[in-house]
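Here chain A shows up in two complexes: once beside chain B, once beside chain C.
Right, the complex of A and B next:
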């Protein structure tokens, strides 16, 4: 490719990138979650680490029985994560400065207002329901597991032991059970003996969290985890100790995951749609130029040949004509000569 | 080949660069073996005298005072090695008696510190950094220094007062005047004023001000020099002179141990009251200041009789309440708030729950001890005292108007009478009226109903407040203590049950924001028992279900 062509393309690319951004900024939509969506408030100052929530979850979701029974609290000695057979786990955190005794934290899907898993899924297998839960649709899933990589909370899990129809497994906020009327609150919430979990409208939960913090300012940190983290989640947390001390990420920021990728993804149609046209066009133009040049060359050559041939013919004709003439002249001369000799001879004969 | 030469040169540069990078990375990787972090040292002095006078060329020098004292002591050398003596008084500054300019200071430190080290090295002894080892002293990252507050509590004060090693001051009967003094502005001299002793920190502030030494300077001048004299005399009682002895954890533990021994020998195990003319009881009234009559809201509440004598016993020093001076509270804390009182009003100075020196603040701090925290940690922190408790301090008496004519003595006598008339016994219903058992059965499902040993719980709580007059007095109404569990309803012999207010519903947020913190019955009952047990007894643990609930068979 010519240098000039390359620079031209670079310029075109730059302009399209800028235009893409500007268009996005002009959109400027800020999603604050579905109004009236439900969530759960977890209170780390109340949780006693009894694992009843795990048992409740297991029961309502018909999950397989765990290797250790739910009343075996020795499993809390290790830090656990969610699995294909456990949608939720409680972990114990010891020796936290300023805390009286251990602090427990329940982990499960946070049900982001704008879920990273859903934005990473290219077949739209995840749905953020207006009720609050993020649910998975197995009928379209292709099993790429991008959702598991996208989730900042490491929540979606995969049934590695299922060969034919493995599923993505994660907490649904008991969306199917609640919408069908089987349950009024999620399984874990209904099983909590100390109301460390409260189910309600997200907006109400934020008010509850605030009222707890203001009623007991010495008992709580003035922060509701999930109010803004990753653009906000339907699962909210309040705690008396810093959230990093109970295994929660404090580096996530407040930008929802889809917004992080929307810029790059918005460029995809542009790149996929516009660039082939552009490149093909350039190719076609170049090709056409070559073709035209070729044609012109051929024509010129033909012309030159024709001219040369004509000239050659002319010369030949002239030469032939000249030769003819010469021949004629020679014949005439010879004839003349012969005639002169013939005329001379009788004279000599007469003269003798 | 002409073209290949520069290419070769660049390749060479790159190779060298990569090699150096690797070496640097290696060097970084090879860190010193990780040592256990050194305990913070009480004797580490950062010499930054020059910092106040200009920019420093190097980081301030660090100096281990105890290390030097100990090393010198081994050679039978004393403080005079480094501190000059002027008019028989040891200067606290290093090798000088007066403040001087940075250039001179630099010379003093360099010449004397390094000079001494050099002498030691020449004599073949172990010594400190020499000339050229600048960063050994001028360390940008010195070890952590931690000087704990030496403190002069009631007992330690008594030990000084009762010490035979400190003789009586001049013609006085006691030795108060050895330390306590006032300043005569005209004569520019300190003098002792009997009965006017105060805390050092009233005049000697955190930083030197208007030529008055800082508390640090004053304490070292007063305490250390005296201790050195006593140590020289060789008195029986150990006199602390090293930094560690007063500012280190070890030294302070030693002092505390000796304090305990002394108290144990005293009659009633009590330090005698310090008398400087204070009353036994005070009627806390507000003296309206000039110009305050207009605009300010008059105090309508009845005045509080304050048991000054009893509170002296509960506090470690006068500063527990008189934090900035021995004057009455209303001198700085005015009705509308004044600059002298940091704009803390008279009312706030008594009632601020977060206050360190206010009545309510101090009482609230006492509630954090395990004996009290079972009930008191759940009481909503409104920042205000309990409303029901107002009348326990503001006893019914005459209005401020009626008291206006009384003299101070008259008021105090009135206060004493009021205090004596109080009921200082914790209120309790007769044991037979306290139900022996309470059966909690409303939600019984997986387990059998819980048989709560109700009377046992009540009596145990009563036992906990036996030794505290504060607890006794504030729980004098028999219903008060019941409210630890039977909360949020007026005190009564027959309080409502949990179910009266807490619905059976589980885990559902209330639609009414005012009800937001009202848990369901299950959580209310568990919360009430568990939080109390967590704060007071630490057993049974919250997850030991079967310690309270019997399993259904």
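Right, the complex of A and C next:
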């Protein structure tokens, strides 16, 4: 949709037809995730807010010990988000209409099928692994924090207090530990005492979620959060209360993040290709216009000079003719005068 | 308008020097703290607000306000408006310094500044809008450097390489316009990926176009604004051609800015209509949005038009200030005010005094370098020796009166 509106602006159906292929992320191809990738299903009707998942995560990821111990449930009185020292947090939501008591929700990286962070990273520091987890590579990260701007779930965090090597910190779905065989399920899932968390293949988790919803339609809302949100995520949620009441955005839409920028990026080669042509064209037209103007000026000048010369010649000729005439008249006058004088002279002589 | 009296000042303790001294001192302290205590030591940045003042002002505003470089050189060399020739060098110098300072500021903002070349030399992420921004800024900075170098070479009296570069003027100009089109728009496109975080009144699929078009208005207005300042403080560095062309540049650029701002206003309304965001206009953010597009886009468009029609240079100069403030307001709105608008007030960001001090420090450093270069190098005047060569290739000048023979 967005890409289409952007391209619509470019003003030509032909252009979008050409670009349709280049920006295939937005075309009719739809990436449905790596087949067989793993994820976690969180069931908000089961979570009791014990924070053992937080403790399990802290342990397997060697994160620093928190100021308050994990069995101190008073921290649930304030809403928390992920930080560099905690990959996952559980929040408590009270006074939800229709709910009998508080509802808890665990938050961590959703492991998008097409992650915003990976799409936004200008050094490709993020990898969507075929196993499902989105992992970050510290050897290339510049620390620009655009991934944090891009993430619709506000998940990546930054070590602001580190001077030399601040890292982006986020849940990895325990990808390193599981691929190396240290763990079989993520730390949080292993620590959950009430099976509010299930680790498994994403396709299986969707089936489990559907069967729970259909088995207990009064207990669950008929929606699996993460099945389609932002193009789908490997982390899935089912809940008995609206997701907005447990701190989850319901306005994210189903467009994968990379599609949001693919239209603008597709315009880049277009600008690179067309702008020089247009600008050189404008330059050439201006230059030609100047040349023509110059030429016309010269011609006009030449014409003006010719006309002036012709006029001058005309005036000169007239003047010469007039002068000739005057001279003739003067000569005639002189001759006449001389003759008269000559005629006068003998008479005077005779008179003497 | 008359020449500032700059002679006879023997004391260093002038108000200007004192203010500059304080800013430089604070800037150095913040620099020290930034590189010993990390970003947490000097900024109010958080996991919710990863980008603060240094991105909003130093990067977004810095790049937009340095747009005078490509607009002026395109007007002169591509669109054939040769009477703007004297405005090109100051604009190129401003742009070059502007972009250099943007890159300098980024060294403070990113976590591992020595890795800034990584996207180009170690591992590229071409799906990222930021990659495009980085690549274009990187290439454009080199382009601007090459465009600026002739001034330095003329100052040093080196002729050969200077003539080679002058011959590449058209190619450099076109390259600069292409790169500027890309990264000016891409700075807006950076926010396309976060529709859930940016207020709908500012989020639009047209964001890249908005940023690009408004950068043209910003560039034109900055040339007018800076020209006014330079006229005031660097008058004695200007030759007769610069002075005689100055009013023409102001009028011409004001005319262009009026049209561009009007077009910008129209596409902003189109964006509003396309996403059917009218209902948001009646909220607090709506009032703020209206202030931006009526008070800082439509109003300056009209004032510029009146200024050109009535030939009121002072009105035009004040309008350029209004426009520049409007661009700054827009960039702040997109990146700070309307960004993360759904967060609780307690989680919102406001810059620390140290962030503000560092931004002032960067601007001050830029001003000082600008003053140094335009004092010693041929920026507002043409070097006698290079004069006839300078006007051969792309721009032919009427015979220039010698500075001393031209009364002003």
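In this text, the second predicted complex is superposed on the first by the 245 of 352 C-alpha atoms of A that agree within 3 Å, B and C clash if a C-alpha of one lies under 4 Å from a C-alpha of the other, contacts with A are read in each partner's own complex, and residues count from 1 in each chain.
Operating definition for what follows: contacts are C-beta pairs under 8 Å (C-beta built on N, C-alpha and C of every residue); 3 or more make two chains touch, one makes a residue touch a chain.
Not measured: the values here are computed from a predicted model.
Of the two partner chains placed around the shared chain by superposition, chain C is the only one that A:146 touches, whereas chain B remains out of contact. By the touch criterion defined above, A:271 reaches chain C but does not reach chain B. In the superposition on chain A, contact of A:240 is made with neither chain B nor chain C.
In the overlay built on the shared chain, the residue A:82 is in contact with chain C alone; chain B does not reach it. Within the superposed three-chain model, A:48 lies in touch with chain B and out of touch with chain C [touch as defined at top]. Annotation for chain A, partner touching more residues between chain B and chain C: C.
Look at A:289: by the touch rule set out above, it reaches chain C but stays clear of chain B.
Chain C contributes residues 35-41, 43, 45-48, 50-51, 74, 77-80, 109-113, 115-116, 118-119, 122-132, 134, 170, 174, 177-178, 181-182, 185-186, 189-197, 205-206, 208-209, 274 to its touches with chain A in the complex.
Here chain B touches chain A in the complex through residues 377, 380-381, 506-511, 513, 516-517, 519-520, 522-523, 526-527, 530, 534-535, 538, 542-543, 545, going by the rule given at the top. Interface residues of chain A facing chain B in the complex, by the touch rule stated above, are 41, 46, 48-50, 73, 100-101, 184-185, 189-190, 192-195, 197-201, 204-205, 207-208, 211-212, 215-219. Taken in their complex, chain A has these residues touching chain C: 2-3, 5-6, 9, 81-84, 116, 118-125, 140-146, 148-150, 152, 154, 156-166, 249, 251-253, 257-258, 260-261, 263-265, 267-268, 271-272, 275-276, 279-280, 282-283, 286-287, 289-290.
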